[in-house]
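Order of writing sets the chain letters: A, B, C, D and E. Residues in each chain are counted from 1.
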Amino acid sequence: MTAFRKGWRPVSAIILLFLLWEAASLLFEVPSWLLPSPSQIWQEGIAGWPDYRYHLWSTIRLTIVGFSIGTIIGIAVAICLHLLPKLRDTLYPLMILSQNVPIIVLAPLLVIWFGFGVLPKLIVITLVCFFPIAVAAMDGFKQTDADLMHYMKMAGATKGQIFRKLEWPFALPALFSGLKISATYSVMGAVISEWLGAKQGIGVYMTLASSSFRTDRVFVAIFLIMALCLIFFAFIILLERWTVRWKTKGAKNNG
Amino acid sequence: MTAFRKGWRPVSAIILLFLLWEAASLLFEVPSWLLPSPSQIWQEGIAGWPDYRYHLWSTIRLTIVGFSIGTIIGIAVAICLHLLPKLRDTLYPLMILSQNVPIIVLAPLLVIWFGFGVLPKLIVITLVCFFPIAVAAMDGFKQTDADLMHYMKMAGATKGQIFRKLEWPFALPALFSGLKISATYSVMGAVISEWLGAKQGIGVYMTLASSSFRTDRVFVAIFLIMALCLIFFAFIILLERWTVRWKTKGAKNNG
Amino acid sequence: MASLSLINICKSFGDKKVLKDLSFSIDHAEFVSIVGPSGSGKSTLFHLIGGLLQPDNGEIRMESSLINGKRGAISYMPQSSSLLPWRTILENVMLGEELLGKKDEQGALEMIAKAGLSGYEHAYPDQLSGGMKQRAAFIRSMLSPQSLICLDEPFSALDEFTRLEMQQWLLSIWEEHKRSILFVTHNIEEALYLSDRIIVLSSRPAQVKAVFTIPFARPRRESIVLTEDFLRWKKKIYNELRGMI
Amino acid sequence: MASLSLINICKSFGDKKVLKDLSFSIDHAEFVSIVGPSGSGKSTLFHLIGGLLQPDNGEIRMESSLINGKRGAISYMPQSSSLLPWRTILENVMLGEELLGKKDEQGALEMIAKAGLSGYEHAYPDQLSGGMKQRAAFIRSMLSPQSLICLDEPFSALDEFTRLEMQQWLLSIWEEHKRSILFVTHNIEEALYLSDRIIVLSSRPAQVKAVFTIPFARPRRESIVLTEDFLRWKKKIYNELRGMI
Amino acid sequence: SSENNASQQEDPQALQNVSLVLDWTPNTNHTGLYAAQDQGFFEEEGLNVEIIMPGEAGADQLVASGKADFGVSAQETLTEARVQDIPIVSIAAIIQHNTSGFASPVNKGITSPKDFEGKTYGGWGAPVEKAVISSLMKQENANAETVDIINMGDTDFFTAVERDIDFAWIYYGWTGVEAELRGEELNMLYLTDYSEKLDYYTPVLTASENTIKNDPKTVKAFVSAVSKGYQFAIDHPDEAADILIEAVPDLDAELVKASQEWLSPKYQDDASRWGEQKQETWENYAEWMYENELLDHELEADKAFTNQFLPNKED
């Protein structure tokens, strides 16, 4: 997780990648409609800013709202299913099923049921986000240290107290593992949801670019999506560091 | 995880759901092109078997191969990045980025590079599967119990031994958490990859059904996908039980 | 009416019989020690009293109510210190109180100081030595408000002097608040110095092998361990235990 | 040439000085005990010798080579038993050997039987009592082939008889194989009964407060603990320790 | 468009909100719609139209279910939809003749359907593709079984022909024009050149049977505004292209202009008025589909379309 502190490594790897790409473009004279060179993408990225900034904002808003809802639902589902084992037995398989309704097929139904508003889009992002969080959190809860659990039970902790004071903090690292996966998917989820029929958003920008054969703009969109994802991911990692800091603070001689 | 042993709960929940759905279809006279009733879907599922069985086999094969490759790569990546922290610092952000190249955009590139054969499809499934596995495994490795780690180090275990004998078994539960998420996505990955250009597969079957307005067949396809996913998921859970059975065997009085 | 009574308790793990027809009781404000071979079932006994396990047979009564499988009736210090790694020592020692709704930070800080842990209030368990963790777990059980305290080898990781300090402190708390204490130890001198009664368990399956009522007057002084009487008692119990192994 | 020598070792955690200019050495086939107050730095000392931690200052030499930060040179039994929960007892006790490439299942089974754990070869650590886990960890360190064994309070969770058995067994192994042993304990009698020398550490920051060479002849008999001489030594060390607390 | 804003502010209540779903991303097929909006034709008819991209949802079901009032579709899909009892109706043909066909880079040497033999076709996996290819090839006594049909999914034409694909089915007005702009020479085989029956309407405007029955006034108003919009696009291709570019700035301006130039004359073409549909065209194509086993049963062609909302020729 020191990935972001020691930022120079990945950054230089990426720069190297870009240089190779640029060189290859020049060398093999790849036509730009097939694969634009980084410099062309960069130019379009600068030039197109006034065009796509509204799209960008719209996607960011959608992602944040969707990811938040997905997280809340994911955690809530994990908690409910964990605390109510019978409910878990009933719903867990259904939850897995929910992940396998192909969104592309769900899309028309969602639009037919909920219209073209923001609701079907949020449903899509939520569907994409909540599952990794819920699975990771449930597995985390399940793996609580047995000795600590024994103590809590003997000390007369109620189910709720055991959950709040033991299982929850214990599952936090696992939960963050799920959050990381979800954060990564949330931006993609937003973009997909925009294909559901939206007026703005990176997804729309990309479809338009692609259908008018502007490969350079498609790549600008890809890089915007990537940048958004990285920012989200970094945010989760910061949150993780801040939340489970006892791990780093306590285990100093974990040489 | 007793979900599958106590199978009657989810099964009855699903049956209930179907009954409600059927009743609603009858009651509100939903036209079948909008939302077919379960009985219609069931009929088409029976009647269409000779039509879609080849599609089904093709998707199953693709999923198994893709998921296996994705798992191997995911685990290999996690191990490499874990054992070589510098490499991790360099590649982890790139790995996150890899998750955010929208597949729909990657498709043309994959086609350019690898044609319309099976290779680009496997790449898509692998891309979808390896990430949750890699993230979960890496987080699992990181959370190895400090006391045990101290002992292993003092006992002179080499990096490889520490990994094989301590970190790996310790991370198994986390790894399975990731495998579960991936298994769920693998079938969807296969279906999506079939949209990349395939001659057969559930994805193809579904596109055809959808473009000729056979909503009932679309739902047959959805249910096939779901069934496949559940089977994969169940398989992973069996494997988990069998692999980390010390957990259930050792902690009997974890009442 | 005894504070806690166990009547014909049986417990097996799989086909391993651990406790067999075990019966004894503790009075109000009594200090009872349990000694017995390693692996005889002392910790299991505590798990039964604490409601973590259900006896296969028999009754556990507190005052007059049956508490088989009921949790939270006792204050407990486990054999492994079981501190929550994400809580500081201060937060950890207040956990028992917290679970029952009332926290007394001032009291906790005083206790921490008395246990020689001042300066570590805000350290995490990972930063403590084995003995220090044990002391923290001990404070936690002392701060819990229940009237029966079960201590599972609380001082095993302490040097003789710290151990003596802790013993004296335990006695002073006990004499002041008059709670009942059930105390597992392997140290016969410790058991003699602290207890009103000593229960000797046989090896597995554990049964009550002998019960000794210790006649030394209270309050007890440290010097008591040097008396002839004390040595005689020590030999007696020593022989009782030796007979078994 | 001493088997192990520590020269002017210093170690701090943050701004807490734990070890300060600590020097001592162990000869070949010598049995040295370390006693000292809880939290003084004994386990830290072992972590330094084992290479888990680097001293801030000073040298750790084995034979004549510097082993600061070098791992695997000693066989170690940690204070917390640290058994791998997914391995059976048999697999756990062979871990130390396994790491160095050679496994001897027959020998391991014999050791397990001697430690009174027969029947538990294929049990998981969770199914063992505290004392049984400690014995398993002890066997593990005995089975490791290194010539210096560091034991951190190996018998603290054992009843007096099991402890005595283990002590005698330890002595017999030691006399047979002539390995060097560094032994942390809080039990002065134990230290006296087992050791050639006893090193008394001061409280934090730990320094060598005193070193006693124990003159009792080998092989030692259990009855030695009842001799006048033994009691005199016990008082001597007791007083040395008391001076500090 | 400043005057539109003014009229909107004057009396916003009077405008009726209707929605229109496109069939794909906005392109020159849709110019008339954007022109009608920009020129205020919709407002003149008392409509406030929201133009929506369909995304993956597909317009037909949305229109049929009433989530959108109007849609853009094509005769081939509408035929299949109606056969599946989906109640939508074509209310105007946007382009009189089928402008689609099989395109291939010149170097592939495909100048007639005969040359398809042994080549690889890249499509989207619909049975109709195979049927069309075979029927064209049959006319030249070529063996359709030798054509390798591959589903190329979302891959675009230019990318696909770089790889394993030899020819694909495109709309000339967009992809073909793009090729011109790129200076890529294409061999284009229009369907209309080979079969009368394949000269179907694509794209068309649609409304649901419900809307037509319950709200004919709105449909009438809508169609007449759209009709004016397309008339505008026919008369002023350049301005119309600018309107589209302004409305959807993310489109490639050059392509839009060139495409508009090509397409403007094709909207009305040889018909007596824009939007006119002939029963014969509907019957022919449905018959062809039925013959090729692409339909479960025959289409009632007269119910599939209507000219009743088109403005009278005198207008």
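Following the convention adopted for this analysis, a residue touches a chain if its C-beta (ideal position, glycine included) is under 8 Å from a C-beta of that chain, and two chains touch if they have at least 3 such contacts.
Remember, predicted model here, so these are calculated numbers, not experimental data.
Visitor: Using the touch definition up top, find the fewest steps from chain A to chain C.
Guide: 1
Visitor: Among all other chains, pick the one whose mean CA position is farthest from the mean CA position of chain D.
Guide: Computed centres place E farthest from chain D.
Visitor: With centres defined by CA atoms only, which chain is the most remote from chain C?
Guide: Following the centroid criterion, the farthest chain would be E.
Visitor: Take the average of all CA coordinates in chain D, do the same for chain E, and state the distance between these two points in whole angstrom.
Guide: The separation of the two C-alpha centroids amounts to 86 Å.
Visitor: Based only on mean CA positions, could you tell me how far chain B sits from chain C in angstrom?
Guide: Using C-alpha averages as centres, the distance is 50 Å.
Visitor: Please compute the C-alpha centroid of chain C, do the same for chain D, then give the distance between them in whole Å.
Guide: 27
Visitor: How big is the gap, in whole Å, between where the Cα atoms of chain A centre and where those of chain E centre?
Guide: Distance between chain centres, rounded to whole Å: 37 Å.
Visitor: Can you pull out the residues of chain B that are in contact with at least two other chains?
Guide: In chain B, the residues touching two or more other chains are 34, 112, 146, 150, 153, 210, 251-253, 255.
Visitor: Residues of chain C touching 2+ other chains?
Guide: In chain C, the residues touching two or more other chains are 13, 47, 52, 80, 126-127.
Visitor: Give the residues of chain E touching no fewer than two other chains, as numbers and ranges.
Guide: 58, 61, 65, 156, 159, 162
Visitor: Considering the complex alone, what residue numbers of chain D touch chain C?
Guide: It is residues 13, 35-39, 41-44, 79-80, 116, 127-132, 135, 152-153, 156-163, 165, 186-188, 238, 241-242, 245 of chain D that touch chain C.
Visitor: Please name which positions on chain D make contact with chain B in the complex.
Guide: 46-47, 50-52, 71-76, 78, 80, 82, 84-87, 95-96, 98-100, 124-127, 144, 146
Visitor: In their shared complex, at which residues does chain A touch chain E?
Guide: Touch residues, chain A against chain E: 33-34, 51-52, 104, 107-108, 111-112, 115-116, 194-199, 204-205, 207-214, 217.
Visitor: Please name which positions on chain A make contact with chain B in the complex.
Guide: Residues 1-4, 6, 9-10, 12-14, 34-35, 85-86, 88-94, 96-97, 99-102, 105, 109, 112, 131-132, 135-136, 139, 142-143, 146, 149-150, 153, 173-174, 176-177, 180-181, 184-185, 187-188, 191-192, 206, 210, 218, 221-222, 225-226, 228-230, 233, 251, 253-255.
Visitor: Mind listing the chain E positions that touch chain B in their complex?
Guide: 58, 60-61, 64-65, 77, 80-81, 84-86, 122, 124-127, 149-156, 159-160, 162-165
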